[in-house]
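Shown next, in structure tokens, is the structure this report addresses.
Order of writing sets the labels: A, B, C and D. Residues in every chain begin at 1.
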């Protein structure tokens, strides 16, 4: 059993603390929200751990993670280890590792997949960093990952940054998968040939080529709301799809499906589209085609 | 100077009658709308022409054109010639030609581009049919096409159907061109780096690689309404883009740009998207991500 | 236990005969290949079944299926039932049903998913036709579908055509899913950040959002050939993706992901692209950019 | 008439010197290639100009431009002005302007379009920087831009960076336009309906909606090589398309056409595609579909 500090007890961190404790590990959690926090400050958390310490950071990617890592660099000691399990951009990892290295503190970046289901199912994990640091954190990884063979739920992806890179690509794929199901659903809804759309999708669950966990979730959503009529077709994105596309550009990799999925999200959030106003204007200009004017 | 019957005096046909008469040709026009028609019935039109007759059909594609051609087959005589100048699908042409051939009547299909500007600028023309029929109709083509060398505004594209096929592809390209300008316009509007968007687009008119007639029309629209704020981003399509994409599929030709332009029009007409409701539902299912619910 | 005629004993039909027999049903199979056929002719097959008969057709979609159905119409008697389990286009079903109805023979169209794995795992099934015909064939469906609740591997999708329509959309989604994984794989391969690409993909198998049966198959392929270097990036398509896209067009449904996946297959089969020659020519024309000329 | 230093006498800079001199301006050109250079060193160029100086930089974007600007910062004096007319990324401009501002030297970024044709036709120009600097350089802009109204070939797009931003979007649009024509060309080539492909495209030159300068260039290329059979479908990209897509991502702007055009170029340069090997592997895994193996 190992001892672990866990910074960030939101939707993901809170559940991970539960899962780690259930596996018998000692977890000291810190969150700005005192109701869920085990200690009062980040310094208290560090003080409550025996060296050499392991601190898992699970706070929002970007500024919050960078600031937490910097603060941990000041608080921790040589030989300690920080693990960033958030959805950081892989380009942050080199920086974070360097900040910590100045204090002799090690660094692992870990992509964590599984969402709210991970507490019970376990989390898919992709780690970046040195072999020694990965080995050291393995009891934690083994507790967090799903049951079954280790290599079916955990990978050491490569050096620093590789864990978040793998998670970024994972999420880019996820965008494409979701959009593929979504287009099929819309076509089934739009056509009147299939009269039993939720039934058809439910029947894809066993035996078919398209069966997947995302399909199971779609079926679950359709069981609650067979036409998804309670929802708006408005979809946020949290960054990984954009980064995947930028990496595709940087590596000259065609990514038509992932980009289409991302653009569909962008479009879903637009009340009106400047681009389509321009197309409407052009059609009106050359063909005298009627246009819809804004109601006054 | 030739004598010509012209069936259909809408936005396009009306202007074409003007242009043909201005060129000295004798045009007898027929339209269901008596206010613009020169004769009372299609039979009157046929009766008013001297054999061998040429009748140009300029009515909506599909059922209306097929019905008009069938009726002309009954009314016309061996040696007459029908020209379908509408936006018919090329697959209609073989049928129309066969219907007329039973009566010894010839057939040409002609794609006509230029919109409301054609009356003054002339129309770009693409003809399908036999060499002899094309030669026979050449005085009409010469009157309708723009000034300048004939082969810069007229082509004999091939056999029956080739004229409408060429026009279909022309329109597919047009979809892509419009969408390309539209995406650029939206990006300029969305970013705050360029402060003078209409000025920048206007400056593309001379010397640049992107100068075109469509660009001139966009500039014209922006001069009337610099942010196109009077318009809604709602864009119809009249079929040729769909047919182009279907032909791309039939010929295993990748058409990512033309399809993207068509799909952007489809999406512009949706108030809400089933597909994006499905994506929102999935994100909510796996990640507990918040969704927008329909307001009650 | 029911008695069933099965026409077509190729990769799919052969396995289905095995699975049906293993479930205790009596199957008389006919194939042009005498080595696998139980009877000498289609007429023999019909003669060997007791009325009212059920004949399952599992031959290539299109002409072969239409011809088989027409021949069965001549051979079968009032009250018999034909089931087309092939990958027919849904538009064929109305025709096939009408041909058989003239002889008082019923018709069901059934989409069958599962590939070569179906023999052991069972097949996902989507049926179109009347409630009564579906009920009548249910013992067969129950034998073919995977174990578990019936509605997780079988759906009565709607009237005639609905089964193949549902299967068509299923396959359209499948194209999108495969392309999403493929783009992610290519990006992981192209970038040098992740050093252990097969390991990362294998680790997605449990716990992650992207886990699926297709992912399991990709892992299986990577275990045999970690960089897939034994294969060429040349991908056929068997029609359902094209039909899905055509139906998206017919129903004004944006399908950017499914179309991108289809076009990627088209492009994979081109040795050289006319389109890209045109782009190269344009760049050379305006910018004097160098081009690659065909070697002589 | 003004005096101007011009750094970089490649394909673009060399022609611009010609055009500026033809307009009566005094141009001192410097290039590392002594054969075309008027002076021996950049310092010589600066020394040969009377203060306050204007120096136009026309060297490759990125490191070369940044280094030239830095060196000019050391050589020039307060009140001088540097104009970067290359294809720099707009994000470089803030940096370049700051480097020069330390020396009291002003900065304009100018997007220049027109390629090798600009020498005779004039160049489309988009400038970013202060009003005063733009006014000061106006005689140069007037000499470089095409004849006709100034605002049809020149725009002051906004502050520093806006000129290159406008040029970047211009080039993004250009990618989309080229790909639209290219897809149409490929479809005409692939189908056998149109027998006279070059003739049809040539006939789009006058009167049609798709007429443009790029179309004129395509016609020019087809006149030299009617099937473009001398070329390979291999297309480079020089960065602006990538940057446009990245800016679309940054601004949440859907850019399906521009991205498709960029990805088509990426794909055109691949001998084989990892992604399509993955799709082939998957089809083989689930369906036993045959694959093409690499020849040994």
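As a working rule, a contact is a pair of C-beta atoms (placed from the backbone, for glycine too) under 8 Å apart; a residue touches a chain by one contact, two chains touch by 3 or more.
Remember, it's a predicted structure, so these values are computed and weren't measured experimentally.
Asks: Chains in contact with chain A and with chain D: which ones?
Replies: A chain counts here if it touches both chain A and chain D, which gives B, C.
Asks: Pick from A-D, A-B or B-D: which interface has over half of its contact pairs in common with A-C?
Replies: Copy of the A-C interface among the listed pairs: B-D.
Asks: More contacting C-beta pairs: B-C or B-D?
Replies: B-D
Asks: Count the residue numbers both chain C and chain D use at their shared interface, divide by all numbers used there, and answer same if that is over half, different if under half.
Replies: On the two sides of the chain D and chain C interface, the residue numbers are mostly the same, over half being shared.
Asks: Which chain maximises the distance between its CA centroid and that of chain B?
Replies: Relative to chain B, the chain whose C-alpha centre sits farthest away is A.
Asks: Rounded to the nearest 5 degrees, what is the angle of the rotation relating the C-alpha atoms of chain A to those of chain B?
Replies: 180
Asks: As a quick test, compute the distance in whole Å between the mean CA positions of chain C and chain D.
Replies: 47
Asks: Centre to centre, by mean C-alpha position, how many angstrom separate chain B and chain D?
Replies: Centre-to-centre distance between chain B and chain D: 33 Å.
Asks: Go ahead and note the Å separation of the Cα centroids belonging to chain B and chain C.
Replies: 37
Asks: On chain D, where are the residues touching two or more other chains?
Replies: Each of 115, 179, 181, 183, 186, 190, 209, 214, 252-256, 260, 263-264, 267, 273, 275, 286 in chain D touches at least two other chains.
Asks: Taking the touch definition from the header, please name the shape of the chain graph: line, ring, star, complete or other.
Replies: Complete.
Asks: Provide the residue numbers of chain D that touch chain C in the complex, in ascending order.
Replies: 11, 115-117, 178-179, 181-183, 185-186, 189-190, 214, 217-218, 220-221, 225, 227-236, 256, 260, 264-265, 267-268, 272-289, 291-294
Asks: If you look only at chain C, which of its residues touch chain A in the complex?
Replies: The contact residues of chain C facing chain A are 90, 113-115, 118, 121-126, 145-148, 151-159, 161-162, 165-166, 169-177, 179-181, 183-184, 186-188, 190-191, 193-196, 199-200, 202-215, 244, 247-248, 250-258, 260-261, 263-264.
Asks: Which of the residues in chain D end up touching chain A in this complex?
Replies: Where chain D meets chain A, its residues are 209, 242, 245-246, 249, 252-256, 259-260, 262-264, 266-267, 269-270, 273, 275, 286.
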